[in-house]
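Shared chain: chain A. Partners: chain B in the first complex, chain C in the second.
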Partner chain A sequence: MSTLTKSGARHQYALVVDTTRCIGCEACSVACRVENEVPDGHWRSRIAPPTSGGSKAPLKWSCMHCADAPCVQVCPTKATYRRTDGIVVIVADKCVGCKYCIVACPYGARYFDDKKGIPDKCDLCAGMLDAGLKPACVQTCVGRALAVADLADPHDKDAARIRSGEARPLHPELGTKPSVYYVVGE
Partner chain B sequence: MQVAAAGTAVAALPVGVRELAHPPAAEAAQSPGTDKVVTSVCEMCTVRCPILVRVRDGKVVRIQGNPREKSTQGAICARGNAGISLLEDPDRVRTPLIRVGKRGEGTFRKATWEEAYRYIADRLNVIRGSYGPEALGVGRRPSAGDAFLLTFAKAFGTPNIFSHESSCPLGRNVAMEVTLGTSGVAIDYSKVDYLVSFGRNHMETLAVPQAQGIVVGLSRGARLVYLDPRRSPTSTAATTWLQPLPGTDLAFALAMLQVMIAENLYDQAFVKRYTMGFEQLAAAVLTYTPEWAATETGIPAGTIRQVARDFGTARPRSVADFGWFTSTYLNDFQLRRAILALNALAGNLEVPGGMFLLKGLKGYGTELGDWKKPAFPAVKAGRVDGAGVAGRFPLVPVKDGLCQALPESVLTGKPYPLKAYIAHRFDPLAAIPDQPRTIEAFKKLDLLVSVDVYMSDTGAYADVILPECTYLERTDPVMEASGLAPKIRYRQQAVPPQGNTRPSWQIYKELAEATGLGEYFAYRDIDEIVTAQLAPFGLTAAKLAESGQWTPPTAKPTYLRKTDPTAPVKLKTASGKIELYSAELAKMGFEPALAYTAPPAPPEGTFRMIQGKCAVHTNSATQNIPVLHELRPSNELWIHPVPAGRLGIKDGDSVIVRTAGREQRGLAKVTRDILEGTVFTYHGWGRTSPGLTRVKGKGIGFNALMPVITDPVSGSLVMRETFVEVVKS
Partner chain C sequence: MVWGWQIAWYLFLGGLGAGATVTSLLASRAGPRVGTIERAGATLAGPAVALGTALLVFDLGMGRREPWRLVYLYLNWGSPMTWGTWILTLFIPVALLHALSITGPLPPRWERPVAPVRRAAVRARGTLKVMAGVLAVSTAIYTGVLLSAPPSFPLLGSWLLPVLFLLSALSTGMSAAVVSGYVLARHEKAEFDLCSWSRIHIGLVVMELVVLFAWLTVGAASQAGGDSVQLLVSGSLAPVFWVVVVFGGLIAPVIAHIATATNGNSQVALAGEAGVLAGGLALRYLVLLAAVPVIIGPAL
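Let's look at the complex of A and B:
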C-alpha cells in the first residue's frame, strides 16, 4: 500500500462533491457498479435527486469514510478498519458476516454481497488511488463535480476547499467525522 | 498510452492502470499482466462519445470515456458506462429467429442465417415481382452503419427510406435548413455567457459534451435561462427557470425579438451583412410585446423583457438553443425559426461562445473513401410519404422521410401500399404515435424484418429477427465527428460477437447476395472498407486506432468571424444569407415570416400530456438493459397536487390515463414540479414485447394513446397536442 506523497508526508484522502456541478446523471453510480463488480440490486454509490420540498441539488451518496466510523467500532473482528490514508475498508478474510456494520452505519452505505459473503461498500477505489489513479466515479463524472482531495498535501486545491469550509460534511451532527465533503450552492 | 501491439490496433496496459490518458511509464513497469484497451465509440445513444474499452480474458470489464477527447474529458454517462450490461444481457437475441406464432405473440423458431436470408430474399423477390421494388420500406435510427441498409434499399430500387428523425429532431433540422441553409450547426456551449434554452433539457436528454460545456460555463459565471413547464434537472442547474404554459415558448421568443429590435439591442452590422428579411421580421414582431407574451405564457412581462435585455447585452456570447427533440407542438417550426432569428440578432454566428458551422472533411478538400459499387438502378416510383415532393413535404430530406407514413401507406394504400419493411435499430411501435394503427399495418405486411440486438416491440411482430451484434462486438465504418475542426472517429471491435450474432456490414452483404444484389457489396470485410475510407488521408486503421480519432494535421479549430467580424460565411440558402424571411417558404405556400399560433387549451376535465427523456435511458432502446433498468425501471404520471386532490389521487396511486377510447395504466407521482393543467411522463415505457422480460408491461406508454399529427411544413410528428383524462384506478 502506497500511502506516502512525494514529499514523504502521508496521504489523507477525502472526496469532494461539488453539488453545483452535479447534473444528477448517475454516470458515477454505473461506473462504480461496473468497476467494482457490485452484485445486482446493490449500489455503492447513488444519486439522491433534488426534490421540490427537499434538497436543491442532486446528492451523490456513498460511504462517508468517517474518522469516527461506527462500522469500525462495532466490527468484532477488526475486518473493517480505517487505513492511515483515511479510507475505510473491509478485509474479506477477517469478516464473519455478522452485519453489525450494516446496522451501525448512519449513512446506510453498506450492502451485503452474497457472493463475497461480506457487507461491502465504497472503498474510494483504493486500489486505483494506490496506483496514482482516480476512482471510477471521479473519472467518469460528466459535470466534473467530483474530486479526491489529499488533506496531507498543503498545495491540493480540493483540500483547500475543505479547509476553507467551502466543502462541508453531510450531517456532521451524527458525530462520525465524515471524509466526504459537499459544496452546496446558495 | 503504451502501444504494445500497434499492428493489431490494440494497446496493452497493465492491470490496475485505469486512467489511460498518460500512464507514467514507471507505473506500467510495476504491474505485470495486461488488460487490452481498445479505443472505440459508444452507441448507447446517438451522440457517439469516444470510449476506451478494457478487455480481460476476452471479456469487457469496463468502458470509460476516452480522455483524449477534449469535449468530454474522459467522462461518459450512465448509459455509456452500462454498455457491458447490454453486452451480457441474457435477453439479447443471439440467433436468427423466424416467426411461428401469430404476429405479436413473440413465438419464433431458431434459424440459421442462411435460412433467414433465404426466407427474406424469397419474399422480397416475390414482392418486387408483384408490386415493384418500391413496395419495400426501410427504417432506421441513423448510425455509423447506415451505409449497409441504405445500399441494400437503393440496390433493391426502392425510394422508401426512412429514419427516426421525424419522431425527434426533424422540425429543428428543417428550420435550420430553411433559415441557415444547413442543419450542420453547433453551439460553443462552454464559452457561451448567456444561454436561453426553450425546453432543451440538457441535463437529462443528455449529450455529454453539451452538458459538460454548460456546467463549465455555469461554473465560471455564465447564465442559463431554461423554459420548461416541468421542473427537470436542467431547471435545477439553470440560473433562471421559467415555467411557461406548454406550447407558448414561441410567444416568449417573439417578445424577446420585439424587445431587442425596439430597444436596439441587436447587432446591426451583423444583421445587415449576414441576414435578409430583417424589415419583415421587425414588422412581424411589432405587436408581440412582453405584455402580450405574458398573457400567453403566464410569465410576467418584466421577466421576459429582462431576459431579452440580458440576451441582447451579452451578445455575441448569447445563444438561444435551437433544441434537439422538437416533435412537440403545432407551432414548433415557427419557434425554431424564431430561435434562429434570436441568434441572428445576437450576431453570434462563427464567434467564440456562439453558434458555428460544422467544419467537415469536405471543406478541407478530402473526404472519406468508400467501397466500389455499381450505379444504383433508377427509381421510377415516387415516395409514399411525399418527402422532397412539391405540394407535399418539399422540405423533408429524402434520407429521413416521414417514418409515420408506414401505417398510412399500408392501411390506406395511398399513394400505394408498402408490402415489406425492414426496421434496423428502430422500433416503429415505440417511435410512431397511434401504436394500435401501426400494429394493424404490421399485420397487413407481407414481410416484416427487425434487425436489432433485442426482440423489440416491433420485433415481436416481425417475420424474421436478424440479431445484430452490439457496438462492442463489431467494427463500423469510420464516422465523421466534425466540430470546429474536421474529425473522424473509429468504432472498432473489442470482443468477438456473442452467440450467432453478426455485424450489419455482414448482414446486408449476405442478405444482398441471397437476394441477387451481391454486386453492390463487393467487399471482403469491414477492414477492407475502413482501409478504403482512410486511403485518401494516407492513414491506416492501426494508426487511427491508437487514439480512436483523428483530425487532419493542417486543420485547426476555426471560428470564421473570430478576428474579422466581417469575414465571409458561406450559407447555402437561396440568398446566401440567414433568411429571417423566407421567399422559399412563401413559394411553397408556407408562412414566410414569423407568426404566432396559440396552442389549443385542454378541453374541460382534461390535461395536456407531455413527455421527456431521463438521463439514464435513450428513447425506448435501453429500458430493458439490466443495470439501467435497475436505475429507472418504470415511469410515473406527474400530476400537480391541486388537480390530483380534486380527483382523489394520492402520490403512488394507480391511475388510468385515457383519451379517444384508449387507456394506459400507471402510478401517479403527485408533485408541484409540473403545472396544474399538464401531466408528464418519461418516454420509452409501455413496452409490450415478450422478449423484453424486465420492462415488458411496465409504465405508461404514450404512443398507445397519441394520435399521429404531422407538422405540414417540417413533416415532424407533433407529440404534445394530446389531451387526456386521468382517473384513479
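Let's look at the complex of A and C:
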C-alpha cells in the first residue's frame, strides 16, 4: 500500500505527459510490455497517433486512474478499486472476469487477459512506486517526457504544472476526473 | 465491444423469460381456469432465464474457472451487475416455483421428489405471482440498464434503452408463451383464443417501433452515437437491422396480428410470433455490435 510523503500526508499520484518532449519512440510502451508481461495484441501503455481534429502530437495513452472511475463504479466484485494514493488497481483474486470494467472504460484502457482470465491495465507500476522506484515507462522515457507527480507534495514541480493548468487531462467533459495530465505546445 | 454472442443470447433469454412470466400473469386474469398460455409462459420462464444465466457464467474468465468467486458478485451495491445478480438469483427459483404452483403433476417417477415443493408452492401461489411479476419486470429493465449505465458508448447510454429492452422482453416473451400455449392447446385439444392476444401484441410492437426510432434519434446526437446509428441504418449492420429487426421483428408481426385479429387466421399470427423472436435476438446482437466508443482518438 501507499506510503507517506515527507510531510506526513498521503501520496496523491498523477502522471504528467509532456507532449512537447515526446518523440513518439514507443520506448515507454516496450518497457511497459516487458515489465508487466503484456500479452500479444494488447497494451497497457501505447502511443496514440495524432488526430486531425485533436492533438498534433503523439500521446502516451494508458489508464487515466480516474478519481470517479466508471470501472470502479461498475465492478460487481469490488476487485477494481482506487487506492488512497489515487492508483486504480485490480485485485486478481477477487475478479470473476465479467469484463464490465472493459465495457465501462471510456478511454479503452483495459484489455482481457485470456491466460489470467481477468481484465488488466496500467497500474502505474504500483509495486515499484511502493518500493520507491519510478514506473517502467517513466524510467525508460528517453526524452524525459514522463513524470509521476505527487499532488500531496506542495514542493513537487510536476504537481505544480497540474495546479497551474499547464498540464491538462484528456476528455475532462466525461466527468471521470482523470489523473493523467498532458502538457501541449502552442 | 468485448461482450460477444453469449451476452447477446443472455440478454435475449433473460428478456424472453421475463416477458413469458408477465404473459402468464396476464393470462391468469382471464378467469379461474388455468389456460395453456398461463402454464406455457410460466413453465418457459425459469429454464429460459437459467439458460441465459448459464451463458453469462460461461462467458466469465476466472469466475468460470473458480466458481466460488461468484459469491463476490453480490458485493457492490453501486454496480448494475450486482443488482442483476440479485435479481436473477431470486427470479430463477421464483419462476420455477410459480410454474410448479399452476401446472399439473409430472409422471409419478418425477413427481414424487417434487410433490412437497409443489404443495408449498400451491399454498403460496398468490405471493409467488406478485414476486414473479416484480422480478420479471426488474429482469427485463435490468438487461437494458446493464448496457446503459457506463459512459463509454453514447448510443447505449440512454434511458430509452431499458425501455426498449422492456418492451422487447414483453413482446418476445409473449410470442414464446403464445406459440407454446398454442402447441399445448392442440395437444390437449383445448380451445385457443389467439385474437385477444393479437390485439395486445399489436400495441406492444407498435410501442417498441416508436421507442426504437426515438432511441436512435436521441443516440445520434453525439459523434460516436451518430456513428453507431449510421452503422445500423445504412452501414454494415443495415441489412440485418432493416430486414430482421424492423421488418421481420416489428412490421410483419403487426400485419400478421392485424390479419389474425380481423379474420382469425392463426397460422399467420404464429409466423409473426417467429418473426418477433428472431427480431428480438437480432436486436440484442446489433446493440452490442453497433456500440462505437465515445473516445475514438485523442483530443486536447
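In the analysis below, the second predicted complex is superposed on the first by the 181 of 186 C-alpha atoms of A that agree within 3 Å, B and C clash if a C-alpha of one lies under 4 Å from a C-alpha of the other, contacts with A are read in each partner's own complex, and residues count from 1 in each chain.
Note that in this section a residue touches a chain if its C-beta (ideal position, glycine included) is under 8 Å from a C-beta of that chain, and two chains touch if they have at least 3 such contacts.
Computed from a predicted model, the values in this text were never measured in an experiment.
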Partners on chain A (chain B, chain C) - clash or fit: fit
After the two structures are overlaid on chain A, angle v-u-w for chain B, chain A, chain C in degrees (C-alpha centres, nearest 10): 120
First (chain B), second (chain C), both or neither touched by A:Cys141: first
First (chain B), second (chain C), both or neither touched by A:Pro178: neither
Which superposed partner A:Gly86 touches (first chain B, second chain C, both, neither): neither
First, second, both or neither for A:Ala131, with chain B first and chain C second: first
Partner contacting more residues of chain A (chain B vs chain C): C
Lowest inter-chain C-alpha distance for chain C and chain B in the superposed arrangement, angstrom: 16
Residues of chain A at both interfaces, chain B in one complex, chain C in the other: 49-50
Sites on chain B touched by chain A in the complex: 16-19, 24, 27, 31, 61-65, 73-82, 84-85, 203-204, 206, 208, 211-212, 215-216, 218-219, 231, 233, 236-237, 615-616, 626-628, 630-631, 671-673
Of all residues in chain A, those that touch chain B in their complex: 20-21, 23-27, 29-31, 33-35, 40-41, 49-50, 52, 56-58, 127-128, 131-134, 136, 139-145
In the complex with chain C, residue positions of chain A that touch it: 48-51, 53-55, 59, 61, 70, 73-79, 92, 94-100, 102-108, 112, 114, 116-119, 168, 170-171, 174-176, 182, 184
Chain A contact footprint on chain C (complex, rising order): 1-3, 59-65, 69-70, 72-76, 78-82, 85, 146-147, 149-153, 293-295, 297-300
